[in-house]
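Below: one structure in structure tokens.
A, B, C and D are the chain letters, set down in written order, and residue numbers restart from 1 in every chain.
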Amino acid sequence: MEMFTTIGLNHFLTISAILFSLGMFAVMTRKNAIVILMGVELILNAANINFLTFSKYNGGMAGVMFSMFVIVLAAAEAAVALAIVINIFKTFKTVDVSRVDTMKE
Amino acid sequence: MNQLTLAIIFYVFAALTVLSAAFVVFSKNIIYSAFSLLFTFFGVAALYVFLSADFIAVTQVVVYVGGILVLLLFGVMFTNTIMQAELKTDVLHVVPGTLLLILMIAGMLYTFYTTGDWMPGEAQLQGSVVQRIGFETMSHFMLPFEMASIVLLVALLGAAFLARFDKAHKNEH
Amino acid sequence: MLSLIVFLPIIAGLIILAVPASQKQIIRIVSLLAAIAQGVIAVLIWRHYDPTMAGIIASPGGSPVGSFQLIERIPWISLNLGSFGPMTIEYFIGVDGISITMVLLTALISIIGVLSSWTIQKQVKGYFILFNLLSTAMMGCFVALDFFLFYVFWEIMLLPMYFLIGIWGGPNREYAAIKFFLYTLFGSVFMLLVMIGLYFSVVDPVTGHHTFSLVAMASQENYLKGAILGPDSTMWRTIAFIVLFIGFAIKVPMFPFHTWLPDAHVEAPTPISVILAGVLLKLGTYGMMRINFPLFPEVYHAGLYVIGVFGAINIIYGAFCALAQQDLKKMVAYSSISHMGYVLLGLAAANSEGMLGALYQMFNHGTITAMLFLLVGVIYDRAHTRAIDKFGGLASYMPVYAGLVTVAWFASLGLPGLSGFISEAFVFVGAFTSTTTRPIAMVSVLGIVFGAAYLLWSLQRMFLGKRRPDAAYDLEKDAEGHEHIHFHDWNGKLDLDARELTMLVPLAVIVIALGIYPMPIMGMLTASINKLVTVLAPVAISAVN
Amino acid sequence: MMHSLIQLSIVVLLLPLLSFVVLIFFNRRLPRMGDFVGVGMLGTAFAISAYIFWTVIVQHYDPAYRIAWNFTWLDLGNVPGVGPLQVKMGIVIDNLTAIMLAMVTLISLLVHLYSTGYMAGDKNYGRFFAYLGIFTFSMLGIVLSDTLLSIYIFWELVGLSSYLLIGFYFEKDSAADAQKKAFLTNRVGDIGMWLGILILYSQFHTFGYQEIFQNIAAGKFNLSNGWLTAAGILLFFGCVGKSAQFPLHIWLPDAMEGPTPVSALIHAATMVAAGVYFVGRIFVILTPDALHYIAFIGAATAFMSATIAITQHDIKRVLAYSTVSQLGYMVMGLGVGAYSAALFHLLTHAFFKACLFLGSGAIIHAMHHEQDMRWMGGLRKNMPWTFATFSIATLALAGLPLTSGFMSKDAILAAALGFANVEGGGVFYLIPVLGFASALMTAFYMGRQVWLVFFGESRTHLKPAEAHHDEHGHDDAHGHDDHGHDDHGAHHGVHEVGWIMRAPLVVLATLSVFIVFSPDPLDGAKGWFMHLVPTPSTVVKSAEAPKTAALAATGGILLAEASNDAEHATVSATPAAAPEHGAAAEAHGPVFSDPRQAELAHAAHANHFTAIYLSSGMVAFGIGLALVVYAFGAIDPEKTAQAIRPLYLYSFNKWYWDEIYDATVIRGSMLIARALAWFDTNIVDGIVNGVATTFRKFAFLNAGFDKYVVDGAVNFTAFFVQTSGAVMRKIQTGKVQTYLVMVMVAVLGYFAVYLVQLMK
């Protein structure tokens, strides 16, 4: 019972793991490029949770700083990725990544 | 606030986060996914607060909800005819994806719960760390901070370049 | 001189190789010029030929090349085989009376063949290159005096013929081409074995080495005792004679090896039929006279009756088969079989008259059959059919054509005054004079009647009477009530045009001229024939053994 | 030097050839299609021939007159076993040649003239004269030939010209059939002749008559006597074909499909007589057995065709069978040894038969190509000239005294009687009996013909309508203008033919009178012909004759022709009969050393008057019978025909020979031909293809091993690489997510390994 009432490291890690897996699942299975991006955001969030969790329970500031940089990079990534998606849409008239397979031939 | 109240609040936000994330992933409608993502981000921000990172939580809300999510929504609207009855996304690799999903969660949880000795437990962060962030940024993490700013600048320029109108199209006007 | 006449066509072929394929007219003219040059040289050789020199065999104690003329002899391939001694293959060519007539015939038929090829439209370049190669090979066969060289030319000849039938032929051309090729190859494989056997059995009296020289081989004293084909090896000599004979008989073609001929003729384009019947068939009997008989005279003598019987079968069987044909070209092809039977019968007579008739028949059959096939080609060009029953009454509408057909047909049935008669007459004279073949000759004369029967019958069905209801042409009346005929898909001249006349009239003139006075050709032959008969006589053979 | 007569004869020979060459190439470019060329050339040829005739016959008047010239045509060199050998051609002029030369050129000239009228308007008018030219050339070649080879050559050339002329109206199928039939039938005969020539050549290596005769006389014929008989019979076979003797007579009646002048020239007067002429040339080498054979063939032919001629309706067909019958007489005459008489009959027959044919041509021409005698009648008044000449010729043919035919026919019949006596009766009496029976029938059918054509009333209107129609088509085929047949009931349109056609008739009728040939109307032997063309002595040794006598006999006729000098012509005046017996020769003809020949000559002479009485009686009876039947109507021919219907049909259908040949020879040949062609395609070629198939099957077997075992190993490697590549290729979808899945699988794999390591 104590395991559930006392919130500890493992709780956060569990949420992070679930978020990561869900993000991974979205990236793997969704055809829509934007949903894939959402998955990527989930993964990044899961990572951030991990950073902050270990930072809190270790007492170091590195995790906090890194999570800040991750957010910055996530913003940059989102901008660039969306620009690319829009270009893909312009070129292929779709954002279905399974149809964007010209390299196969 | 006693321990239990905190635990209950944690579980509420944890549930919010996980369930909304699951909805993001499993919903077939992109718009629903996008709005569900909003709740995920809020939930995560709440979890950050539990982790003594209130500044990060605020940043999370500002950047993700105010920036990235809006960006994603614009993306959705640019790439789909909004008047279309259903903005669906098809799936592929459902079976291997689901299997991997379960295996990953199971594997990671197994690892976490069997590895008990990576918590020192002595020097925990307590209270707000905004001041320390400021010190750290200007001292230890000076270079990464500057680099992050450059990366942001370059990314913004690049994104703007990529997403702009066709050059040739423009020249005609 | 002789090398020039042999290799001129190949030179022309090389020139054509350099001409772009689209320049069809240039290709044709180059070929024609080569053929005409060949003809001119052939006539020059003929004029300078000394008909008193016999050839055939090395004169005892005299020159090792015998009384051949225009000799060219250089070592071609020399190998030192260690214990076998040196092996020499010579480039050894020359002419005697037998080959000079064939050289003339080949040159003549080549010119006709090129002219007749003018209408070929498909892959002109390839066609003429092959044609020239064929021309060289034929000429080479007739002048080669080295067995190996002869064999090389003989095999070279097969290849272009195969392609010329197989590519430019009729609907069933592949079958005909492969049949021709396999048949002839079958014959020549054995020839190769016999050739090697002969090489190890014969010694050149001058050098003392083994030799492929046909002149040396024709003298029985040059054979080694104890060798595989030496004078005492009766069994092997008999076998060698028989397989060699079959090899040549396929080319003749002799019953029962004749079935490639009708197929090949029916499928081959007109110029190739002309070459095939005009020259190639003669190679079979030429080979017998040049190689088969002089090298194995005693077996030849033992087999006279059999050869004669096969000749008679050819004559009568060919005539009967021709009588039953509906396809004009097939009829002419069977008539060739019948006429080559006369050659065999003449060879079986083993006397001067018969041999002379046989050789003269070879020449005449060349010219007459060329005419026949050209005339068949003329009507096939116009009507796109060769069915004898699809005509009728043509004589009224195409008088010049009908006239030339009459000349050719009557020449073929052996009408006196035309060249075919003299050769047939001499064959019969010879065959009847020889007691061996006398009964055969008595039966063979039936061929005269049946020959006339199928030719006259086809003449009647095609040219006489009125247009048949299902004829291959339309009958039209003009405003003045004169009847004209019109062939579908034919816009050229109805009667013979200038090119066709250029081919046919000289042949007709030759046929008539040689029918009235045959000495220009016969005079070339007599010395060689008499010599050949002497060499083959049983007396001469027993004297050696 | 060449004798001038030889030179002239060469000119005569070549003139018609020149006419042929000019006309065949240029007839459409010449005015009048060049008929004047033909007529002019023939006129010149006849003039020269007449000069030769004058010189030889009138000036020399010598039974043994003979000049010859030969040249080397082919030189075969020094033939092993024979020595130097040449094939020679030559020309011989003796009395017979001179007479034949004049006869052929005269009739040819007359026919040329006649044709300018008869053939006028034909679209191939010029070509007709060209063909007449080559025919005349070939016929003169036969007459002048001095070797067996050259006579054979011209023999076949006559066959060719006959072929061309019979098929002159080649658009008609019947004409095309007839020309082919004629040529092929002749070829059958020619085979025999050629074999005969071959027998003689194989012994002597020469074709020359004189050399062969000398060699036989010298006993150099090394084969048995049977071979010599065979040679004679085989040579006679040429005559059987050309002179239309039984059993090869079938072509001649069909040959009437040719234009009528051609029938007169070729198929009555000259070409068909060539067979008789040729047998005359080789008469001396015929053995008694061969002569018997010839006599029987001749008698059978004469009788058979006479019976057929009785029932025919076509005016030309009656004449054609009569020609066959008369040729049978001549052959029979030769067979019984009456050489002179037979050749005499040849000459007289040529004139009167040509006259008859030209006369019938005139009638046909005037009747607008009506040939059926049943629809004629009463032409006497319309065509007096034709009637007169036709009648004279008819009397000559029937053999009534005062005509030429009487003399020659009587001589043959007398010889036949004598022959039967000499041979000892029995079956040999059949020959004179058949001869006299034929004489009777000849008189009957000729009387019938003259009466039907010239007497009585016109019967044109009796002609059935459909028959009319047929005749219309007939006319069209002839290419003549169609005058129509509106002259029913009377011969309004029938007029006497023009002078150019009338003149030849008159000339020929004149030549059918006895006085031309002999002063004594009852005995031809007293005439110049039988004096100048005496029966030569045989060179064949009779069994009973002593050898020396036979050799001596040959001395006279066989001239010193041993010289092979090509340019040297020998003229010899050695008489055929020994001149010392001149008086006897005058009375009894030549004196023979061969006892059989002498006996025959004597018997013929002895039976001379018997024959005259008998044959005159027969002729009178025959003509009388014809008058009784057709003039007085005492016997109804229709009813008689009904009464003896099988016989009538047998005769009317020409003894069914055409049908028999069609059923046996022609069908048989075609059957064999088809069978052999089938055999060739299916059996011979089938074996070839079968062998090929077998080899191919074996090759497939071999190839199977090669393909599946040897090549299989190689191919498997390639197959493996290819298949695995194909599987791998499936993974490379080009979709990033697929790769991600794999990466994750791999990561989880490592993770699992890590966990397992961790748990240890």
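In the analysis below, a residue touches a chain if its C-beta (ideal position, glycine included) is under 8 Å from a C-beta of that chain, and two chains touch if they have at least 3 such contacts.
Just so it is clear, the structure is predicted and the values come from calculations on it, not from any experiment.
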Between C-D and A-B, which chain pair is linked by the larger number of C-beta contacts? A-B
Centre-most chain by CA centroid is C
Could you work out how far the Cα centre of chain C sits from that of chain D, in whole Å? 35
Centroid distance [mean C-alpha coordinates] between chain B and chain A, Å: 6
Between chain B and chain D, what is the separation of their C-alpha centroids in Å? 124
Return the distance between the CA-based centres of chain A and chain D, expressed in whole Å. 119
Where in chain D do residues touch two or more other chains at once? 735, 737, 741, 744
Among the residues of chain A, which ones contact at least 2 other chains? 24, 28-29, 98
Throw together a list of every chain pair that touches. A-B, A-D, B-D, C-D
Which positions of chain D touch chain C when the two form their complex? 73-82, 85, 149, 152-157, 160, 167, 170-173, 175-177, 179-180, 183-184, 187-188, 190-191, 194-195, 198-199, 201-202, 205, 669-670, 672-674, 676-677, 680, 684-685, 687-688, 692
Chain B to chain A touching residues, read off their complex: 3-4, 6-7, 10, 14, 17-18, 21-22, 24-25, 30, 33-34, 37, 40-41, 44, 47-48, 50-53, 56, 59-60, 63-64, 67-68, 71-72, 74-76, 78-80, 89-94, 96-98, 100-101, 104-105, 108-109, 112-113, 118-125, 129, 132-133, 136-137, 140-141, 144, 148, 151-152, 154-156, 158-163, 166
Under the touch definition given earlier, write down the residues of chain A that touch chain B in their complex. 4-15, 17-26, 28-35, 37-39, 41-42, 45, 48-49, 52-53, 55-59, 61, 64-65, 67-69, 71-80, 82-87, 89-90, 95-96, 98
Under the touch definition given earlier, write down the residues of chain A that touch chain D in their complex. 24, 27-29, 36, 97-98, 101-105
Chain B to chain D touching residues, read off their complex: 92-93, 96-97, 100, 103-104, 107, 110-111, 114
